[in-house]
Amino acid sequence: MKVVTFGEIMLRLMPEGDGRFVQAGRYNASYGGGEASVAVSLANFGLDSKFVSRLPKHEIGQAGVNALRKFGVDTTDIVRGGDRVGICFLERGAGWRPPKEIYDRTGSSISQAVRGDFDWDRILEGADWFHFTAITPALSDNTAEICLEAVKKAREKGITVSCGLDYQSGLWSGQKAGRVMGELCKYVDVCIAGAEDVRNVFGIREADTDIKDGRLSREGYRDVAKRLADRFGFRKVAVTPPVLSCANESGWAALLYDGEGYYFSRNYNMHIVDRTGGSDSFGAGLIYACLRGMEPEGIIEFAAAACCFKYGIEGAFNLVTADEVLKLAAGDASGRVRK
Amino acid sequence: MKVVTFGEIMLRLMPEGDGRFVQAGRYNASYGGGEASVAVSLANFGLDSKFVSRLPKHEIGQAGVNALRKFGVDTTDIVRGGDRVGICFLERGAGWRPPKEIYDRTGSSISQAVRGDFDWDRILEGADWFHFTAITPALSDNTAEICLEAVKKAREKGITVSCGLDYQSGLWSGQKAGRVMGELCKYVDVCIAGAEDVRNVFGIREADTDIKDGRLSREGYRDVAKRLADRFGFRKVAVTPPVLSCANESGWAALLYDGEGYYFSRNYNMHIVDRTGGSDSFGAGLIYACLRGMEPEGIIEFAAAACCFKYGIEGAFNLVTADEVLKLAAGDASGRVRK
Amino acid sequence: MKVVTFGEIMLRLMPEGDGRFVQAGRYNASYGGGEASVAVSLANFGLDSKFVSRLPKHEIGQAGVNALRKFGVDTTDIVRGGDRVGICFLERGAGWRPPKEIYDRTGSSISQAVRGDFDWDRILEGADWFHFTAITPALSDNTAEICLEAVKKAREKGITVSCGLDYQSGLWSGQKAGRVMGELCKYVDVCIAGAEDVRNVFGIREADTDIKDGRLSREGYRDVAKRLADRFGFRKVAVTPPVLSCANESGWAALLYDGEGYYFSRNYNMHIVDRTGGSDSFGAGLIYACLRGMEPEGIIEFAAAACCFKYGIEGAFNLVTADEVLKLAAGDASGRVRK
Amino acid sequence: MKVVTFGEIMLRLMPEGDGRFVQAGRYNASYGGGEASVAVSLANFGLDSKFVSRLPKHEIGQAGVNALRKFGVDTTDIVRGGDRVGICFLERGAGWRPPKEIYDRTGSSISQAVRGDFDWDRILEGADWFHFTAITPALSDNTAEICLEAVKKAREKGITVSCGLDYQSGLWSGQKAGRVMGELCKYVDVCIAGAEDVRNVFGIREADTDIKDGRLSREGYRDVAKRLADRFGFRKVAVTPPVLSCANESGWAALLYDGEGYYFSRNYNMHIVDRTGGSDSFGAGLIYACLRGMEPEGIIEFAAAACCFKYGIEGAFNLVTADEVLKLAAGDASGRVRK
Amino acid sequence: MKVVTFGEIMLRLMPEGDGRFVQAGRYNASYGGGEASVAVSLANFGLDSKFVSRLPKHEIGQAGVNALRKFGVDTTDIVRGGDRVGICFLERGAGWRPPKEIYDRTGSSISQAVRGDFDWDRILEGADWFHFTAITPALSDNTAEICLEAVKKAREKGITVSCGLDYQSGLWSGQKAGRVMGELCKYVDVCIAGAEDVRNVFGIREADTDIKDGRLSREGYRDVAKRLADRFGFRKVAVTPPVLSCANESGWAALLYDGEGYYFSRNYNMHIVDRTGGSDSFGAGLIYACLRGMEPEGIIEFAAAACCFKYGIEGAFNLVTADEVLKLAAGDASGRVRK
Amino acid sequence: MKVVTFGEIMLRLMPEGDGRFVQAGRYNASYGGGEASVAVSLANFGLDSKFVSRLPKHEIGQAGVNALRKFGVDTTDIVRGGDRVGICFLERGAGWRPPKEIYDRTGSSISQAVRGDFDWDRILEGADWFHFTAITPALSDNTAEICLEAVKKAREKGITVSCGLDYQSGLWSGQKAGRVMGELCKYVDVCIAGAEDVRNVFGIREADTDIKDGRLSREGYRDVAKRLADRFGFRKVAVTPPVLSCANESGWAALLYDGEGYYFSRNYNMHIVDRTGGSDSFGAGLIYACLRGMEPEGIIEFAAAACCFKYGIEGAFNLVTADEVLKLAAGDASGRVRK
């Protein structure tokens, strides 16, 4: 089964160990980006996974291509051009020191892509699923247009479309996000959203929720999922709570709503090695589980386990096989050595 | 006082930091192996400690010898020959990602040792204690024979024999392990066993035990220890529960049975930096405490504290002095800086 | 506003990662020292911060100067001379393995400073605050004399004087500490003390306190603070409990007494990346908050938050801005990424 | 244009920096192997490059697959099975200390491949060129048979066959090598050989040659190439002199003989960062230049430049584009920064 | 004596060791930039050195400020604002592999500075010398204007102005460079130029020169220097040949022309650890030697020695004292250990 | 055969890579010292090697013991006591930047040893050779006395005594060195000296020698050796020229004079990875070759080859076997990979 993802791939630069930016004499370099993470996850799960983007011809761009090819992602439709790879400087938090990100993505190749760069008719040929996140249309008006063209073409071809509703306030206002995503969501079948993103983008919030400490009542989640599905006609909606590093004691569980039932994953206590890519790992798990034809209970458990696994892996990509996720989803978390 | 240990020494290759194998551009290299760990522990405690094995003549073998000499272990009876040092690739777990080991020990020098390689009469001269684990006879029929020769000679000479009952399913079946170890245990005085190993090797299990989450009732442990002692005539039996990394909240305590009383160590909450060598550190602590003539209560506290200390040390070896263990065993775990 | 600090700056050598000294093939090198840490904190908070000390002319001394200049500390009154930079070998603890420090500061340049080295009249010109810790007079009789000269001159000039009452048993006896510090404290306005230091230096202890597990009742803290203030006429006294790495579950809170009211900070659970410099970060936070004219409640929250932030930073210096501390002090500890 | 290569891929473990094996606390890990290097070179030059081998299913095997995919090599015909990845421990030389290799490849998956593992008819479909080295048939009788099957099938299909005549004395005797390679060479069109390999495998040596210091007269090279071509009917023969690290002053040049003319590359002085993969980079350069239809003079210059470029790159793979090689081959070696 | 420099400060990211960009999992991070290097050199020589630029407020910008403060550079006139720090990805060459730079400086804070950002009247107060390079006016039309304002103000105040005539083809055409620099050079007293830059910017070339292999006859250098001085009325002109890494055998010497005499430094054979900042180290050496009132022979020897010393230092900055340069300039190059 | 060496063992701290002290965020840590290096060399050559010294009880001292035990050196007569391990900060040179050492050995344990610490009668029992260098008596008057006691006792017992005549100007004046060493040399049989040390300590210099560029005519070396032998009655004298890193083109050769003949080793061009321990490696080679009963020609070739090998090894210790040295001494320097 073949999945096409479209979006940004960035260079992540992270000071060694627990260092702050002002201490950094060495940066660990890796590549990331929402849809790129989904593409790698899916390739690791064994699907036919193609990632579409735009990257400069020089070696910093080439290294981005290589980072995806390494895990078997099909990169043949990455357009080469432009000057810059977007950069994300990332400082890991520790104790009471929160993590910190500095985005340096102005003028990145993907943000300056134009519609003619991608022949969606050809790219989507033979695909079963198309995925993007709200980051991509936020990069520029051009990328928003390209997304719209892609999802329309996907719907035309009967390809399932999923969208990760990640909201980045540095890229656009909630208002603009709401308008653009509102249009795009008309062509989306499966919506994957953090509870806060839903509020920021569509203003959907549940009464009496103290969002500050990241806890929504289960009732609140159900309400949010239903309202989303009702507004846009999504066939499936998944909602996840924020993952807090300083409040490890509070559990984390995700919800799937398929228009009929509400399915919660089991509850996880989080220990976070690297918080990047958690929601994308969740999304990839959900796509995989859907394509494999799992039942709703299995889908949400697989997606949640994929997400939890990711928090124990350094870098943006979820370097885990479907087997490993299945074991965790099945509750085998004894922590014993796998031989 | 002089202790002789016999067994395998392997090269441990561990991806830097929290990296997975597929991310590893650099491996931290160290040497380990059950009996080698015991030998280093005992040398660090101040005993006269000799380690007996077989290693290739080349530098990868020499580095194994050096790793032991560094801590004062007598390596003069390590036979040099054969082609390979067994390798253990080791991936540290994190969060919900479990640790993983890949053993690459086929054709290792020690597994191809033959009986004539070791003159036990001479090697054991002047020794007070002989120790091996169930890994060694599992390596090959030859090493099983060599173990048998060694323990018979030790008994002849009135040397105390201890055995760590570690079961590795990749090396032999439980059935074969039961048969070979059953024969060897006739010459063993002190048996050190994980609760699961006892079940796997000798089929001794306590009714109503949910071994899956690693919790045996204290009653169950007593029962296991007594049945082991009764079957083989061990003078002392120590039983330890599994150490779980994903369930830190559950405590850990070890049991000593000396044919008369049952002695539990105090309960520890574990934080694991490196899980290799925990049971061997426990074993070394037990041997040291016995040789120093401690009371049963002191023996099990020393062994348990040695084990807990190890989980805070990187590498296979327990790089800790008897003084440091005694302080922890005495309950001084205030975590203040030692100046 | 301008603060002058006087004291030692040492080279800190720490084995990489969680390594013990006997494993160290590589040391992370940084510079630290109580007053130096205060000076860096204050520069990072945006104050005019001058550090006074004595360092050799060679490059190991120069690197100490550079380590301070990097963060904007004024080093123009560091006297260059003598042979050695004091060294602190530092082993990070983990799990049940406690941290360990080996001091190698004999013959350090600062310990061999003489009174004529520092022209306090000129150095203190324009200063609003002078700070030192009990480490400095402990280094040698000379440095004790120099401290006395400095605090007298500061009082003369109407400069506020604060003292961190850190007691290091390797440098002097409690008796000598009590005598020397008793004399110096006559010129001190603000005293910052760990509960144990007060006991060790001045023998002030509260009845019925089980100091061993580091817990003083809140009543006990109030009593200690009041007795300190009463004995020396301090205008402000801050008392902090020990920070325990093996007992994370127990909370930590600090107390400020200003002669009228007793103000406790809120309670923190600690996760410690690097324990060096915690009390100095607390002290710097307190100095900054006082100089900024905060209310007592704000002062103790700012100082406590600065301290907690530090435990999440590698190295001796608290590399944090006043804004970051204010956010934490205001209770925003959601652990979300700052973008 | 499509090239298929068949052979071994090994894990290379190299002590950091200039360390010796007995100093190694950390190994840089990469993957290499003669034909794998050729495959990566060709992919980097922009050809369609498929590598065929056998690797275990576990992650150490998977990492080998990934190492090739990263550079765009088609790995879909790598059979997964067996237990081990062959390992090469590699110590870089320095000054008067020569480099050192310890091979640990006993029982590697590829050495235990059987004929049925590879369906050459399908694998070679659409290929223009097939390449292997003398290492592969040396691994086991099975791999020798598989090679024979492959080259026969290639000839049948009219695919050009090239062979790198690398002789490894640890794998087989010169006599056996001569016999097996003699049979295989009947199906080889292009032979790429080091001068010493020719002597070791086929006993072809030129009179009056002091092979000890690695210098063959140009006349001698011509003679060797002609005798090789005459004996086996090769269409092209390339001969390279040894590359000496301790004799930088002596130049290095390669020869191509195409049955009509003798073409020497220009002379290079070598500076060696990593000596692995030099001859394979030469071979890949030669294959590429032939497939691109270059003239003999261009072919040998391109191959020689590709080889020289490699000696400046760490790891076994020649991470260089055709453009970069062309520039060097064209004599632009000014050492100025490429912007 | 006080020197003010104005220009760019960039983040330099360099793959560890000899790695290529496509191998980089870790980047060594440092800060550089032509004028910033000059500023650090001069501070290390003991002068009062101020660097003027524009940097973002975030931590990547702050780390740039810190990198300069560390060595005592006055950074109080660095304007904070804008979004980006320009980045230079830098791949060290080795053997026949040339070094490579990828500039990512679009939209950097300094390139978007406006005239009102810098109050040159105040900034230049008390200065003895002002320095900039041709990189700065090349960044944007704004920075060209700012440069012009600065040099005019400097001339007004009687401050000596020097210019490093570095030409970067990626920033502007030779034609535009010639026009802009032609205007700026009217206010320049001391011109420091590479032979190729003079050709690229002003089209001044000596007949019969094979620039390709970087060798100009001494006669040619004299001619170039004289023509430059004649055209712009420079009081001093220094000309340096390119430094070639692949042609170590050819020596390197620099020329000073002071309107009267021609002074060549002695000849150096180069070994290059890091080629960045060589010409700036030369420039800083020249400025220092002039300000110290050395004779022309001494000036060119000091500048040349400073430059050679730099090639042995990692990073962009010349971390060397005036004493160290003087020793090398005096011919003490015995390579013995300094104790 | 058993050799006893007596002297200092220091902690060597070296900035990573080519870093200067002011750049060092990480130090590579190893142990060194003249006689310790000799002891390790001899153990690596297969002799029974005992090293005698004094080291603190703490872990920094223990790590020194371990560094020797690792290579099989007998450390049982290292006295434990005192506070400090002497430290040598070491900056590797590069290009025109010379290497630099900062010694921080004041108050080291060995410098404060007293005569009663060592029972030479017992220590030297069974020894065939005793070795020390001029560094040891230079550390303090006590160590000078202890040396005298040791060499007297050695002569009494008929043990051959060798002395490395290394002169360190930071420890004593040439005058004092001459007086103390003059007394000690009465008991020395074999003297190993650098040409410059002979001049500094005993004022023996040959006319017309330009010592500045390190070149002594062969005639001059012969003269120096003969005058040394004549003055002190040495049975053997070896003289080595300085090893220059910036003048690689000049060869290096060593001389042995045995009272009858003068034997020069062959000439080596040096490439230096780490210059520490070269003369000690030469000394250890000489001792080994003498004890193995080689002819004078073989002795000087072995010693010279051991020395050259060392310059290619990182750290102070010559980690090389007798076989490896013999191959190099025999002229096999082809630089080919040893398999």
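A, B, C, D, E and F label the chains in the order they appear, each numbered from 1.
FYI, a contact is a pair of C-beta atoms (placed from the backbone, for glycine too) under 8 Å apart; a residue touches a chain by one contact, two chains touch by 3 or more.
Model, not experiment: these values are computed from the prediction.
Peer 1: Which chains does chain D share as contact partners with chain F?
Peer 2: The common neighbours are B, E.
Peer 1: Counting one step per pair of touching chains, how far is chain F from chain C at the shortest?
Peer 2: Minimum number of steps from chain C to chain F: 1.
Peer 1: Among all other chains, pick the one whose mean CA position is farthest from the mean CA position of chain A.
Peer 2: The most distant chain relative to chain A turns out to be F.
Peer 1: Compared with chain E, which chain's mean CA position is the farthest off?
Peer 2: B
Peer 1: Averaging over Cα atoms per chain, report the distance between chain B and chain E in Å.
Peer 2: Distance between chain centres, rounded to whole Å: 62 Å.
Peer 1: Per the centroid of Cα atoms for each chain, what is the distance between chain A and chain B, given in Å?
Peer 2: Computed value for the inter-centroid distance: 44 Å.
Peer 1: I need the residues of chain A touching at least two other chains; which ones are they?
Peer 2: 20, 22, 25, 66, 100, 102
Peer 1: Which chains are in touch, pair by pair?
Peer 2: A-B, A-C, A-D, A-E, B-C, B-D, B-F, C-E, C-F, D-E, D-F, E-F
Peer 1: In their shared complex, at which residues does chain C touch chain E?
Peer 2: Interface residues on chain C, with respect to chain E: 66-67, 69-72.
Peer 1: Considering only the defined contacts, which chain C positions touch chain A in the complex?
Peer 2: Counting only chain C, the residues touching chain A are 268, 270-273, 305, 308-309, 311-315, 319-320, 328, 333-339.
Peer 1: Which chain A residues qualify as touching chain E in the complex?
Peer 2: Result: residues 13, 16, 20-22, 24-30, 58-60, 62-63, 66, 83-84, 87, 89, 91, 100, 102, 104, 106-107 of chain A touch chain E.
Peer 1: Going by the contact rule at the top, pick out the chain B residues touching chain A in the complex.
Peer 2: Result: residues 17-20, 22-23, 93-103, 168-170, 212-214, 242, 244-247, 275 of chain B touch chain A.
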